[in-house]
Amino acid sequence: MRPSTPIPGIQPWVSLEERPACCVPKPLIDVDQLSLHYGQKPAFHNVTLSINQGCITALVGPSGCGKTSFLTSLNRLTDLIPGCRLSGRILLDGLDVLAPHTDVIRLRRRVGMIFQKPNPFPLSIWKNLEFPLREHGLRDREQIAINIQTVLRDVGLWDEVKDRLHSPALALSGGQQQRLCMARALVLSPEVLLMDEPCSALDPLSSGVVEDLIVGLRSRYTVLIVTHNLAQARRIADYAALFWVQNGAGQLIEAGTAKQIFEEPRDPLTAAYVSGMRG
Amino acid sequence: MVKMMERNLDGRELLASTLVWSAVALVTATFCWLLGDIIWHALSHITWTFLTTPPRNAGREGGIGSILISTTLILGVCLGVSVPIGLGTAVLLAEFTTDDSLFGRLTRRSLDVLSGVPSIVFGLFGNAFFCKTLGLGFSILSGGLTLACMVLPILIRSTEEGFRAVPTGYRLSAAALGLSRTTTLVHLLLPAAVPGLLVGLVLGMGRAIAETAALIFTSGYVDRMPESLLDSGRALSIHIFDLSMNVPGGDANAYASALVLVVLLLAINGTASWLAEHWLRRRIVTI
Amino acid sequence: MISLGSNTSSRWQTDQLLLWLLRGVAVIAGTIVLLIVTFLAMEAFPVLRHVGITRFFTDPSWHPAEGLYNLTPMLWGTLFATVGSVLIATPLGILSAVFCHYYAPPAIARPYRRLIELLAGIPSVVYGFWGLVVLVPLIGAIRPPGPSLLAGIVILTIMILPTIALMANASLTNVPQQYVRGAAALGLSRWATIRGVVFPAAKSGLFTGVILGTGRAIGETMAILMVCGNVVQTPDSLFSPIRTLTANIALEMAYALGDHRAALFVSGLVLMAMIAALVAAADWISHGRVHG
């Protein structure tokens, strides 16, 4: 391998070996032979992948290779899309995610999601967090207040918004909105967090803040993150998986530890893609 | 963090679904009842003779021939007056004023109020202005003019929509070619805005045909065949009203007239929404 | 002045001519409202001068022939009928729109929306006629006489429901899909999403629909005239006959003379004031001054 040369403006990479061990590699999600079709059109085909508990797994690959579709099938958000068919099996800690009798509401509470574009509800900052808590059965006002304050501190938003908790969430800046959305997902204390390019709609500064937050989630949550930014994947991920379009459908090309994918890719496609980033 | 209480969400969800479906069932049932009742009672009465002969014996017998003629004349007067005014105003609002100009704002606001004015108030106004002050008396002309005031807002709004749907590029390129605004308007914008105008026209027609209250004291009750626009003439909707309220034994013909009116309106509104969807590529709420 | 070629100057003149023509036409359109108010006021003026405004509320009864002009029973009639119908039509209309967007299978949603549009197109005299021949006898069988406040409320409900449903439908269409996805990702149930996210986002459109419906209910004349019995009294139950302001005008205008006629124009002015207040309210809402 060629030695890596830092891209100007981005901090030198922390060597992957120096990273604190995130976890014992213990699979939490097992995806087996998963395929997804929109009508007749396949989005991805035959993906088999294990996702380890407490780690950050990055899904990388070019646009349109099914990464986002893969992500949304893990919390069955695909149910919202008419004509969308999933086949294969997903086990979340033994729960058969795709089984028809699975309680999707409970599933989605366990598997939170952050979208590419921040999507706070058109409510106040406080209501954005209180409403999901109440809907999931937390009624104690004091407890609600404690939870909200805790998550707002966790995402570093508390000091910025504590004086205007009851003003509209849509008045926040893009970065603040995205952190509010993270708080909204975290307040339900999920086990898994799915993130669909959470930084790509943000300016570089806010993007950095959100990225630091994601790193802070390691070991407390199992994080899956879709990103187009290979430098970011390399900075934060413990594991990485490369998707690519082959024969008209997205395929999982290679998965492994981030170190292996970025430094000793086995598949020539991975090597090309990863080195493409190195220019 | 904190353990949340498990709670049965299904109860509320079930209640909401039940409410939604029962609301829908109620609305659908009422609608079917209403339309079914009218069709059931009316269908056997509607013949070619019914549509062409004038009413006899206060409308209990005979048909609605003269009524249809009066209705058409009232409608003709209404559209003949309102279309030029509506088109001109829409052109001015869409092409020659900015959204924040005082004139534009005032005109728009006054049209908003106009669209909310109850039809009976139009009736009062028509009676005082057209019948008395202008001396037109109870006549087709008075009725048509009153209705013209009433349909103006709807006509202007959808015509304006039509003009706004024309891409700005047209105007810019016409201006760049040094065309005058009149030429641009006549040769470029007007043809492109025709769908909006048509939708407005059809919606206005529907509004005018459905109207009763504004016509009682402007076009009057006389059910004879009108000889001129200054004669009083009875519109179809007034005919239904009169038969059902003031003529014992008029129900059968009232049913038949109601079906004719409903069919006319369904055809008109259907045309409007078809035009809006296929030509204008936007939905216009028909209210 | 820069000299222009004759061709250019004539074109400029055409443009000016057109502009003034359009302005003239727009002034006509814009002043109709003023004209209406002026004529109502002019016709109402004589009675307002002899009788004054307060007697329209304090006179013992409405007997214009004897110079008694109490409008309050009719005001109550209008108020009860309007409030009753808005209270029923609002949930039905909004639930209808919710149905089309979030509950109905696509094969049902479209026909149902068409059906609502059809309802919107049926003229008031037909509703009134149906009320008269079907509804009134039905109510009369339960509790005589039949023509009643209840009949009025039911007919008005059917009439304003499409207005509210179509406006609600339009505002639900404008709710961004990302809110719904966000709510689903948080594991919120369908109803929780609608109540907690969709309704707040569509709030101003929903309110506008209700206000439009209220305006229609206040102004409705023929249908209410045909089913309400038209007895001048403040109703004491749902089954008592009532007379609304609009029905009063329609009934008496045909023979009213002098002060009586003027008194009817006063009720016209009252109606105009109500509508103006509603337009102002709609305006206030659409400028987003309502926050939850």
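Worth pointing out:
By letter and in written order, the chains are A, B and C; residue numbering begins at 1 in each of them.
Going forward, a residue touches a chain if its C-beta (ideal position, glycine included) is under 8 Å from a C-beta of that chain, and two chains touch if they have at least 3 such contacts.
Treat the numbers as computed from the prediction; the structure is a model and nothing was measured.
Relative to chain C, the most remote chain by averaged C-alpha coordinates is A. When C-beta pairs in contact are tallied for every pair of chains, the largest tally goes to B-C.
In this view the innermost chain, defined by its CA centroid being closest to the centroid of all protein CA atoms, is C. Averaged C-alpha coordinates give centres for chain A and chain B that are 54 Å from one another.
Averaged Cα coordinates give chain B a centre that lies 15 Å from the centre of chain C. Contact with two or more other chains is made by residues 189, 192 of chain C.
Across the assembly, chain A contributes 105, 135-136, 188 as residues in contact with two or more other chains.
The set of chain B residues touching two or more other chains comprises 9.
Of all residues in chain C, only 106, 176, 178-189, 192, 196-197, 200-201, 291-292 touch chain A in the complex they form.
Per the touch definition, chain A reaches chain C in the complex via residues 75, 77, 79-80, 82, 104-109, 112-113, 115, 117, 119-124, 127, 131-132, 135-136, 168, 181, 184-185, 188, 194. By the touch criterion given at the top, residues 11-12, 14-15, 18-19, 21-26, 28-36, 39-40, 42-43, 91-92, 95-96, 98-99, 103-104, 112, 115-130, 132-134, 158, 161-163, 166-167, 170, 189-192, 194, 212, 215, 218-222, 225-226, 246, 249-250, 253-254, 264-265, 268, 271-272, 275-276, 278-279, 283 of chain C touch chain B in their complex.
Of all residues in chain B, those touching chain C in their complex are 9, 12-13, 16-17, 19-21, 23-24, 26-28, 30-31, 33-34, 37-38, 84-86, 88-89, 91-93, 96, 103, 106-107, 110-114, 116-125, 127-129, 133, 149, 152, 156, 180-183, 185, 206, 209-213, 216-217, 237-238, 240-241, 244-245, 251, 254-255, 258, 261-262, 265-266, 268-269, 273, 283, 285-287.
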